[in-house]
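See the structures that follow.
The following pair of complexes shares a single chain, chain A, combined with chain B in the former and chain C in the latter.
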Partner chain A sequence: MQSSWLHILWIGLEVTLRLSLYTIVFSIVVAAAFAVASISQRRLVRWTVRFVVDLLRSIPILALLIFVYYGLGKYIASWNIDPFWMAVGALTLGEAAFLSEVFRAGLEAVPRAQWEAATSLGFRRSSALGRIIAPQAVLPSIPGVVNMSIFTFKDSSLASVIAVPEVTQVANQLVSETFKPLQVYLLLAGFYLVVILPFTALAGVAERAVTRYYGLRVDKTSVARN
Partner chain B sequence: MTTGEITSDLLRGSIATLEIAGGAWAVSATVGLAFAMVRDVGVLPIRLATVAVTAVLRSTPQLILLYLVFFGLPSIGVNVGGLTAAIVVLGVADASFNAEYYRASLLTVAPMQRDAGMSLGFSRLGTLGFVVLPQAMLYMVAPLLNSFLSLLKTATLASAIGVPEILYRGQNDIQLTGRVVAVIVVVIALYAVACMPLIRLISLVERRARERLYT
Partner chain C sequence: MSDARTVEAGSPGMSVTRPGAALLEVQGLEKAFGPTRVLEGIDFHLAEGEKVCVVGPSGSGKTTLIRCFNLLIEPTRGKLFFRGDLVGDWPERPATINLRQYRRRIGMVFQHFELFPHLTAIDNITLAPRRILGRSRAEARATAEELLQRIGLAHVAKAHPHRLSGGQKQRIAIARALAMSPELILFDEPTSALDPEMVGEVLRLMADLAREGTTMVIVTHELGFARQVADRLVVMEAGRIVEQGPTAKMFEAPELQRTREILQLEASWGYQL
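And then the complex of A and B:
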């Protein structure tokens, strides 16, 4: 009995991992775009992006998921989009909003003199950003990225409410078949722990390393809340 | 249902949301402080146990903790109402984050302060409570506001166990009336009105605290 549970949950875990991986990759791309736009010299661009980021940070991820599912579902039913991709979209919006703040803090932590030096060497703003400023913002952002990955693994469980067959949804079905909620959900929690605990440890290590490297300049992001 | 009726229905839901978030916030602030203090002054096995418990709580999705308490505990004879389950589970899960922030804020106080407290005859707990904690308070303001912001949002998880908060009512309204856009707009507006000023306030307080710490 128990071994077949493990097997069934394992199939769901694969979906969870794929869902999380896509979300993490897309979030990094979207967040980078947000972060660059949020330090734009054009005030309109800067304010618009900061408003959008604050707005996204205000909306619960579960609400994003349900709205994408119900809201778009009505209009794009004919496109036959898999709920899996709706979940990737909704999770990406939520996680990217958080991560863009991490990236922005990273960009803003680069000393102003670096910009001035780049300008005096004849770099345009865009190439100064790409070749000089952004590379220096990568390292201090790593704890934040690890942390966002942890959020994503945890938040991917919310996709179960829009019928994505990830591990929580699989566990729900198992409960309705076996009527053993306590055992199934404890096992499920174990699955998440096995995936996430190494990342939690990694987040701590990354943060200590970056803090040591930069002095006290990096904030405690490894336990930041989404 | 008119848009006005949908709005008033969702506003009723927002009261439940505030109940969950407020209750969980109180739980989180106190339990988090308890975690941090035990980790600071407890004996080694207890300290290690606290570290392990908070790490596990931080690493498990709140939805599953909620299912465990709401669906799991009744099978061993413990019945918990939806609202209580949401407040306790979300509160204790958030406490595992607050514990780290409390600890970080305790670390901002110079070790000499602790030595001075001990040399004046305070016990370890007394030193923590009367000497270190008051000086660390400032650095807890932003994390505690952040905690409330986060709980306002995670309160939506209570909809998964049938507590009629905003999102639960919103989903019902969608199913009853089919007015998807109206519901989405009102829910987002309610959340934006509550959370966006809070986000700005938090970053302001964080900046103040940081300036004070590094200058």
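And then the complex of A and C:
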């Protein structure tokens, strides 16, 4: 009995992982675009993006999901979009709005003099951003990306309300068949835990590695002398 | 390296100075941040090969002035000429030329070095020649290695800036500016952020460049250096040029008592080459 539960939940977990992975990747791309636009020199671009980001941040992800599935569903029914991709879309919008603030903070934390150094060498704004400013924003953004990834993984459970067969939805079904909510949901919690715990540990390792690579932490003892 | 600079001058068509024209000239330059006037009525010219030191108390507008030269700061009023060509006439005709092409002809060295922390020393030097001048990787590397060799830092080519001492960082920053073969280099208090024992190595490199005929404008508090290296001294206070003239005269027989006072004040700290 128990082993078939595990098997059923495992299938759900695969969907959860796929859902999370797509959302994380798309969120990073969308958030990067939002962040770049939100520091644009064009006021209209800046204001528009900041408005959109604030709007998305103030809508619960559950509401976004319901809006996309039930609100838009009727009008895009002919496109035959799988609820899975609707969930990816709604989750991406919700998570990217938060992540874009992380990226923006990272970009704005690069000293203004770095822009000036780039400008004085003849860089245009876009290449200064790409070659000089953005690379320096990567390291400080990593904890934010990790956080967002964990939230995404947990928030993906919300997709159960729009019939995406991810692990929480599968667990719900299992409960309605077995009438053993405590056991099933404890198992479900275990699934989430097992994925998230190593991920946070891995994140710490990645952060230290990037720190070493960029060497942004000043190490007074290893200053080279002539 | 000095021939690299003359041979590879940015855009040949533009680098011919009009007869009788200064390399760089400003007339009636003014800069205001809101109601605060930081620069007022600045007239200044710079001949090719000239070394000028700008001195004055903190907040006198020295840094703002040289930032107006490469338009990191846009003047509020006044005219700017480069090799006799009008760069801009504010407020009516603000910067009519291609600013990027203009800026890359002028090197800049910052107080806090502003090396790119994610790049190694050599990549700091090659980035702009590759991306801005379109040099090949090999070509840019060869030039950079030559530069590193000559500033005595070949051994740190692959180190990231955080591994370097302040003096090494500033010398790399100077090499980064030189790699663009600038027609003029601006120095914004290049030794002010350095530990005392590292000031000498940077000043010596700058003195070397001066000897080779590099055109330089140096904002500094190092009067000993200014006295030895500068052709001309500009003394500023409260956003105005108090007095400017040949270095020796400025030190020995300035026109104004105020100049003497400022120089005396500035001389109370300083470094002997």
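In the analysis below, the second predicted complex is superposed on the first by the 199 of 226 C-alpha atoms of A that agree within 3 Å, B and C clash if a C-alpha of one lies under 4 Å from a C-alpha of the other, contacts with A are read in each partner's own complex, and residues count from 1 in each chain.
In this text, a contact is a pair of C-beta atoms (placed from the backbone, for glycine too) under 8 Å apart; a residue touches a chain by one contact, two chains touch by 3 or more.
Remember, it's a predicted structure, so these values are computed and weren't measured experimentally.
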Given the touch rule stated above, what does A:R124 touch, chain B (first), chain C (second), both, or neither? second
Is A:Q136 in contact with chain B, with chain C, with both, or with neither (first, second, both, neither)? second
Is A:L21 in contact with chain B, with chain C, with both, or with neither (first, second, both, neither)? neither
Output check: A:R57 vs chain B and chain C. Expected answer is one of first, second, both, neither. What do you get? first
Touching A:E116 in the superposition: chain B (first), chain C (second), both, neither? second
Based on the superposed arrangement, let me know which partner A:F67 touches: chain B (first), chain C (second), both, or neither? first
Counting touched residues of chain A, say whether chain B or chain C comes out ahead. B
Common ground on chain A, meaning residues reached by chain C in one complex and by chain B in the other: 216, 219, 223, 225-226
Chain A-touching residues of chain C, taken from the complex the two chains share: 70, 72, 100-101, 103-104, 106-108, 110, 112, 114-118, 127-128, 131-132, 152-153, 155-156, 159-165, 168, 176-177, 180, 201
Which of the residues in chain B end up touching chain A in this complex? 55-56, 58-65, 67-68, 71-76, 94, 97, 100-101, 104, 146-147, 149-150, 152-157, 159-160, 167, 170-171, 174, 178, 180-181, 184, 187-188, 191-192, 194-196, 199-200, 206, 210, 213-214
Contact residues on chain A for chain B in the complex? 54-55, 57-63, 66-67, 70-71, 74, 150, 153-155, 157-158, 160-161, 168, 175, 180-182, 185-186, 188-189, 192-193, 196-197, 200, 216, 219-220, 223, 225-226
Touching residues of chain A toward chain C in the complex: what are they? 111, 113-114, 116-117, 119-124, 127, 131-132, 135-136, 214-219, 222-226
